[in-house]
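In structure tokens below, several structures.
Each of the next two complexes has subunit A plus one more chain, namely subunit B in the first and subunit C in the second.
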Partner chain A sequence: MNYLPYLIWSSPFVASAFVLALHNRKAAGGISIGSIAIATLISAYELAGLSGHPVVLNISWFSLGALQVNLGMLMDGLSTIMALVVAVISLLISIYSYRYMEDDDGINRYWFFFTFFVGSMLLLVLSNNLLLLLIGWEGTTLSSYALIGHWYTDEPERWVGDADRHTLGVPAWSTPSEAAIRAIVFTSLADVAFITAIGMLYSVSGTFSISVLASSMPHVLTVMQSRGILIPFLIAFTLGAFAKSAQFPFHEWLVTAMTGPSSISALIHAATMVNAGVYLLLRFTPMFISGSLADGLSAQIEPFFIYMLIIGALTAFMMASQATVAKELKLILAYSTASQIGYMFMAIGASFFILPTVALFAAFSHMISQAIFKAALFLVAGVLIHQFGSRYIGDIRGIWKYMKYSSIAFFLAALSLSGIPPFSGFWDKDLILDLTSSAGLWAAYAVGMVVAFLTAFYIFRVIVMTFQAGPRGEVKEAKRSMMWPYLLLGVAALLFGILWPYALGNISGRIYIAMTFDSIIKWVPAQVVSQIPFNLVMSVPSVAVSLAGIFLAYFLYRGGKQPSISKGKAGGMFGAIYAFLYDRWFINAVYYRVFVNGLLEVSTLLGVFVEAKFFDGIYHNYIPNAFARVSGRFRRLQSGDFDRFIGLMFLGLLALIIIFLIFLR
Partner chain B sequence: MDMQIILFYSIAPLVISGLLIPLLRNRQYIRMKGIIGAAALVITLGIWAYEYFSGAISSWLISSSPVSDLARYFLPDWLSLLVAVVAVMGGLLALPLARRLTGNQTVYISIVLIGVGGTIVLASTLNPFLIVASWGLVSVASYALASIAKDRDSLINSVKYAIMGAIAFQFLVIAVFLIYSSIGNPSGALLLDLGLLLLMAAIGFKIGIPPFHMWLPDLYGYSEPLSVAPLSAIMKLGPIALLLRLMLAQAPSGPEMEALLAVLVVLSIVAMTFGNVTALVQKNIQRMMAYSSMAQVGYMLMAITVAFASFSTRDYTSFYFSVGGLLIYLLAYSASKAGIFTLIKGVRSGREVTLTDIRGLSATNGAQSASFTILLLNLIGLPPLVGFWGKLLIFASAANPELSFFYIGGVPWFALIGIINSVISVFYYMKIVRSMYGDSEKVRGHDAPARRFEGLNLVIFASTIIVVVVGIIVPVLLVI
Partner chain C sequence: MTVTALPLGLSVLLVPFVVSVLLLVIGGRLRPRLLAYISAASLGVPLVFTSAVMALYRSYSATLLAVGGLGSFMVVINGLNWPVLLGIMAVTMAIAIYSVPYMKRRFEELGKEHWGTYFFLYTFFSASMVGIVESNNFIMFYLFLELSLISSFLLIAFYGYGDRGRVSFIYLIWTHLGAFLFLLGGFIYGMILGTFNFYPVPPNLSSIFPYVYVIIALILLGLFIKMAIFGVHVWLPYAHAEAPTPISALLSPALIGIGGYAIIRIPYILFFSYMIKLQWALIVLALVTIIYSGLLTFHQKDLKRLLAYSSIAQMGYMLLGIASFNPLGIVGAILQFYAHAVGKSLLFSSSGAIITENNGLRDITKMGGMAKEMPMTTSMAMLGFMDISGLPPTVGFFSKLFILLGVGSFLVNSGVYGFIMLIFLVVGFGITPAYSFTAMKRVFFGPSKKGFKDAGLMMMAPLIFIAILGIITFIFPGLLITPLYLYVHSLMGG
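Our next item is the complex of A and B:
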């Protein structure tokens, strides 16, 4: 049996143990980078050796009665490509971090959680077992929590949001330690539903194995439908994915997660962990669709996909709109991440209505593109914020003049994000829009177009503002070892885009795509894959709106201009809209007013009335008194009277005989 | 030479050194005597280890044919092996205590050795003569141990104990006579049942199950703690193993079996509940621990009951769970009680040691308080301490759905009673912890009561380490 793939996720875990055990500032980074390099090499090797069929590896882990849990790995195109993407991006970011975090006090903690995260993420991707997947899933949550709160001493320069600004009476800023707690609370809340759904899945199908579930999904869906909980089950099962991928109403945690180091924002909150939700859906949506087709449940399952479309479109639009007015560089990128993932959810939602394989491929492809260009953007942002000493784009000036290479990387990644041909972002976004229009989902198409416009606008707003000339300070180009990772990512965004149509058009591309999904969608005829609609005429409008967004940004912000609205000075309707967008649609404030303060109220009430009056009464008065009485009786038996002792022994023997006779039937 | 004989000789070092040590009359040599005793214990352990590795230990608890076992003196199997290991551990923990004893230290060492020897024989035989002889050996050792300190309480309680023990011994002799005379006797069913009931009564006395327990709260509660430590850690092992072995080997089948099962269940529940509930209101810690011993025996009886039930229905999963749980729990119990009574010796100044006496112990004796806490948590059964694994296995085996006897309407009531009892016990164990840690501020400044731990620390820390380390090893062994 081939044990090599297990090294992919276990080597970062081993490295994290070493980092913890050695506790050596100098060695920690090297060990971590080495372990991630091993993971990268092996996943590349495994991908190269993959044939059309998925590989399932099993080691028996433990069994408790009928519950048999295997340490299984599922290696098909989807998981292996995903693992390689995760490993490569983690490797580049770890190399970047080596210098970026060099002087940090918590460097051991940083590397421990960094490698722990990479191990968890790879475990999540490669496991063929829902329990194991869940362990990886929660491992990423934990390390995300720790790394968001990495600077837990909460210096004001690490905050997100403007200090002293209040929205509806709720503070509009977040400290790192608060942001960390928000992240873990938001995601864990949804994970409760996820875990419950896994339990339901197990109780119906009797297995945790994903490859086995693929074949028993029709049965599962039928049983759920017969109990009338099909849609609730699907929503519960995917709720964890929605939270992890920062979709409405869980998107708030990602925004404040920007209190972590920029390298972490790039790794966890742009390129890998937030994609875990998309990955989970890509893994299970084919099962849901094929399962529903097999048992004639199409009509019953349709609302679930509409719900996914709505959430995806809403998040994409909401976050893009907020990004147009945000002032903090990383905040803009965070909004952008959630917005782009909204596109992916739209694609997955659309997969029910048209060419499932193609739609899921579009989501998958967009996930990879997004990972590449967003990681590049965040890494450059980290350098900029460090060099200019400010997280506000208003303070960042003249980067084209002083930081040529960083500017090129940023520019390439921004073009990809805007969806300008021939960048990778163009192909998959266009494919998604194309699919929604072909399927007749016009509302989704319209939202997608608007978001495309907003996306181009907000990212070029950043470029126009930061590229223009400004005062020369202590600004200089980043160190080489930090620079080439993001330069490479920026070039990759371009190359990936240039190669995209070739990969799609020729035979090898077809195999590639088929490999990704053939393992589960057995019902899709193979030739469908080659029928990916590709209509250049159809892409004219989307490119046009992107260009429009870019020009609008240039027109509004060129030459150091700032429209009065973006200074927050405009009154009237524009001012109101501005405040609405800047304060994140008031969602955060409402959450705090309703849930946080509401819970505090309830907690106070419970504490005063239920706890103090009722439970304390029972626990501290009633039960102890009752026991004291019984206990006192028992003790009185123990008189020390010797005759009684011996008498009791014989009585006891008699009692045994009597009990025996009573039960002897 | 026959393997049987070699194993039988394994107790020879214990008995010989136990008998010879008192001949060295000089009190000066007490340390050397202790080392000789420890060496004898280690040699015994070595012989058992040798036998184990040479494959002489059978994995089965009893052999298939009870009658043919009569001819065999020794039944070396997992039960006797592990009881021997626990008994030797108890012996090694008890020997260092001799130096703190006010009384005949030489005799203390000799008695511990003889008690361990008797326990090993009692746990590994089905021969009626050997049962009676080794029972006598363990009993006499116990009485002598109880009376070794010459204070008033120890003397009175040991006399009571000895007289009641004499009656219990009669029970045992009659029981053995009845059980073995029923073998091969076509109309022997009644004899057998009566014999087994008498056996339960005799063993109930020895391990302190109500209503045969009357000696226990006084003896454990007021006598010299250094006598109580080996009494509770070693002397209960043999009878418990004997009960398990004899019940499995000779038990009848059918309705009589179920009735016997009911008797065992009643004994178990009574022991647990009576022990725990009475312990709740005790102010004297030593007496609290006496009642706690009673409750702990209840859990062991639960294991024996489940083993008995599952053995008769040939449900081997539950059987191995319960027997494994019992053996692990015996170790947890012995280590904890040895350590706890030693700790009580350290804080006891008068006739009683109350909760107020240990107030603020953590401030003056941090390490000892931590040990005390760990040993108590072990008795509660908190992971990762070894007591947890024992309780887990016992409760899990009692909750096995295959054993319909322990289920009423889908509820595993027997396991549930055990769990509820465990919860009740938390209250009084935690009282001690709270007293040691919680009230430390109030004591500072006042003159703290005399606490003398010299000569005791070795045993206290060793038992704590055993409880922690074995607790970490056990799950590893279970998985393998």
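Our next item is the complex of A and C:
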């Protein structure tokens, strides 16, 4: 058996153990980068060696009675390509981090959780076992907590949000240690539903193995339907994915997750964490679709996909709209991530209605595009924030003049995000829009178009504002070892786009798709890929709205000017809209007022009234006092009167005799 | 009455008892550190024996004596109590060492040194917990329970904090009420059946069924008090917060968790078909316990009290696993004992490190920003909170996982109601990471403050040992889960 693939996820874990054990500032970065390089090389090697069939590897782990739970790995197109993407992008980010973090106090902690993060993500991508997948899943939760809160001493420059602003009386800023709690609580809440649903799945199917589940999914869905819980089950099962991928109503954690180092933002937004949810859906949606078709449950399962479309579209629009007024560079990028993932959820939702293989492929491809350009954007942002000493785009000026290479990388990535041909972001966004319109999902299509416009607008707003001339003396280009990773990513965004149409034709045998009716996990044959429609007429409008967004940004922000609404100084309706968008649709404020404060209120009420007054009062005051009163009465019996004692003694004896008689009867 | 030759298992169990008396006698003449090593070594004897038994045979039972009308007195080790035993033994061993620096400080505060008495009571207490878990018989169970209660009561009364006279009295009364109700249930059981054995299951068990609800009610109520389930939980925050911290680290996870183990060992196995009728009531009770005490943690200013409420919530998890009436859930509940033993002992010991090194500091509002100056304590507390929140790489991941899998297996059969329950489940399981990591922030994070001091190696090494044990059992869950599942499965056949 081939054990080599196990090194893909175990080498980062081993590295994290070494980082912890050695506790050596100098060695930590090298060990970590090396381990991720190993993971990258092996995943590339495994991808190259993949034949037409998924490979399942097993090492026995523990047994539950007759059931053997394995350290199972599932290597198919989806997981192997995904692993390679995760590994490559993590590798570039780790190389960037080497310099970026070299003076940091918590450098060992940084690398420990960095490698743990990458290892967890690779584990969750490659595992063929839901329990093992969960370890990776929760591992990313833990590492994101630790890394978002990396600067736990909460210096104001690490905060996100405006330090003096309140929304509905709720502070509009988050410190690193608080942002970390938000991340872990949001994702953990949803994971409870996810894990419980795995229990449901297990009790019906008797297995945790993903490749086995693929064939028993029709049965599972039928059972769920017969118990009237098909849709609730699907929602519970995917809830963890929604939270991980920062979809409404769980999106708030991602918004404040940039309190960590920028390299970590890049890691969370591009390589790990948010992609985990998309991956899980890509893994299971084909099973849901084919399972429902096999058992004639299409009508029953349809609401689930509509729900996914709605959440995806809502998140895409909501986050893009907020990005148009945000002032913090990383905040804009964070909104952008959730918004782009909304596109992916729309595609997955649409997969039920039209060409499932193609729609899922579109989501997958968009995830890769997003990973590439978002990593580049965040890494550049890290340099900009450091150089200009501010996280606000208003303070960043003249980057084209002083930082040519960084500007080029940022610009290339922004074009891909905006969906300008021939960048990769164009192809898959266009495909998603095309699919929604072909499927007659006009509402989704319309939202998608609006979001495309907003996306181009908000990212070019950043470009127009930061590229324009502005004298700043001390700004200089980043160190070379930090620069080339993101330059490479920027170029990759372009190259991936240029190769996109060819790649589908030529290396299609290596591209995942998972949808046929006889077998669930299968390679896409070339002819299926060639069916991917490219409709020139349909792509004209989507490019047009993107260009319109770019021009609007240029028109509004050129030459250093800022429209009054963007400064938050407009009155009337514009002012209200601005506040609504700037304060994140008031969702954060409502969460705090209703849930957080409500919880604390309830806690206080319970503590004061129920716990102290009621329970403590009854048990430790009322009852003891009552006993004291009773004992006071009894004390009167102890009068020292001998006759009385004798009498009582006889009474007692009598009682005992009666009790004995009853028992011996 | 037949007395067989003293079986190996029992003599092993008796070693720490004998040593504890020895410690009392020679206590004044030896250095505290040596006393701690002797205590730990004596507690290690049953650990080595139990581990060897599990590795070689997977189950062990030996009869000491059989008395007509009372049943037989046996020492039992099997897949079901193995994780419980491992948890108790490993933690008591480690905390014995930890006690030295902590109690040195505490004795300074009290103005007198009682090393011999302390280690006598400590070892005696630890060994009696092992005895409870290895017993097969109501009388033996009660006997060891009583020993553990008296010794822990004295530890609180002698070395506790605050109004320790009152607190230890509250502890004494409550735990004895629980023990008494339990004994009463066992008494009725034994009077009718003519044997007090709950293991092996008496052949004439069915003759008890007319009275079964009385017995179930008494035993459950008694054990609920022990576990501090909602409604009868009030004593726990007093006792566990005011006990000297090494004792909190044993009381909180180990002793109260034995209540949960006993529910599985006794009424659950004996009266399964009756207990299952109480399923919804138990589930609701478990969820109320989890959510109520989870909410109350936010209200606490005293770190140890916060941890005490968290223990109540963890007992709720254990009860929830039991209430799933599913092999996975039972596996989860027993693992929960072990995981909580690991996690909560880390947490109480970390709070103890803060207390010793910073002049008795317990008020959370005066903490914050300690991470920079107390990195070791921060790491250990973090691992503890990860454990109770069910995050890898701690064994708590598996306990929460299996409880939820068990509950999921139950909910899948209860239609839409199951999903209403799921909402409360999400709240209940979400609240633990919420208060855990909020507490991390309140205690350790935020703007750095000067003047805190991290604990030394003597204090931290035992914690590292416990933490590593938790990680090893995470990486090799089969060590615990495989024998446990086999045993549970053979009982339930499902």
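Operating definition for what follows: the second predicted complex is superposed on the first by the 584 of 665 C-alpha atoms of A that agree within 3 Å, B and C clash if a C-alpha of one lies under 4 Å from a C-alpha of the other, contacts with A are read in each partner's own complex, and residues count from 1 in each chain.
As a convention for this text, contacts are C-beta pairs under 8 Å (C-beta built on N, C-alpha and C of every residue); 3 or more make two chains touch, one makes a residue touch a chain.
Here the structure is a predicted model, which is why all the values come from computation and not from measurement.
Participant: In the overlay, answer first, second, both or neither for which of subunit B and subunit C A:E178 touches.
Facilitator: A:E178: touches subunit C, not subunit B.
Participant: After the superposition on A, what does A:I135 contact: first (subunit B), second (subunit C), both or neither?
Facilitator: second
Participant: Counting residues of subunit A in contact, which comes out ahead: subunit B or subunit C?
Facilitator: The partner making contact with more of subunit A's residues is C.
Participant: Check the residue A:I659 against both partner chains and state whether it touches subunit B (first), subunit C (second), both, or neither.
Facilitator: First partner only, subunit B.
Participant: Common interface residues of subunit A with subunit B and subunit C?
Facilitator: Touching subunit B and subunit C on subunit A: residues 62.
Participant: Show which residues of subunit A lie in contact with subunit C when the two form their complex.
Facilitator: Interface residues on subunit A, with respect to subunit C: 61-65, 120, 131, 134-135, 138-139, 141-142, 145, 149, 152-155, 175, 177-178, 180-181, 184-185, 188-190, 192-193, 195-204, 224, 227-229, 232-233, 236, 599-600, 602-604, 606-607, 610-611, 615-616, 619-620.
Participant: State the interface residues of subunit B toward subunit A in the complex, per the touch definition above.
Facilitator: Touch residues, subunit B against subunit A: 160, 163-164, 167-168, 171, 193-194, 197-198, 200-201, 204-205, 210-212, 214-215, 217-218, 255-256, 258-263, 266-267, 274, 277-278, 280-281, 424, 479.
Participant: Which residues, counting only subunit C, touch subunit A once they are in their complex?
Facilitator: 170, 231, 233-235, 292, 295-300, 326-328, 331, 369, 371-372, 386, 389-393, 397, 400-401, 404-409, 411-413, 415-416, 418-419, 422, 425-426, 429-430, 433-434, 437-438, 440-441, 444-448, 476-478, 481-482, 485-486, 489
Participant: Touching residues of subunit A toward subunit B in the complex: what are they?
Facilitator: Residue list for subunit A touching subunit B: 62, 627-628, 630-632, 634-635, 638, 640, 642, 644-646, 648-649, 651-653, 655-657, 659-665.
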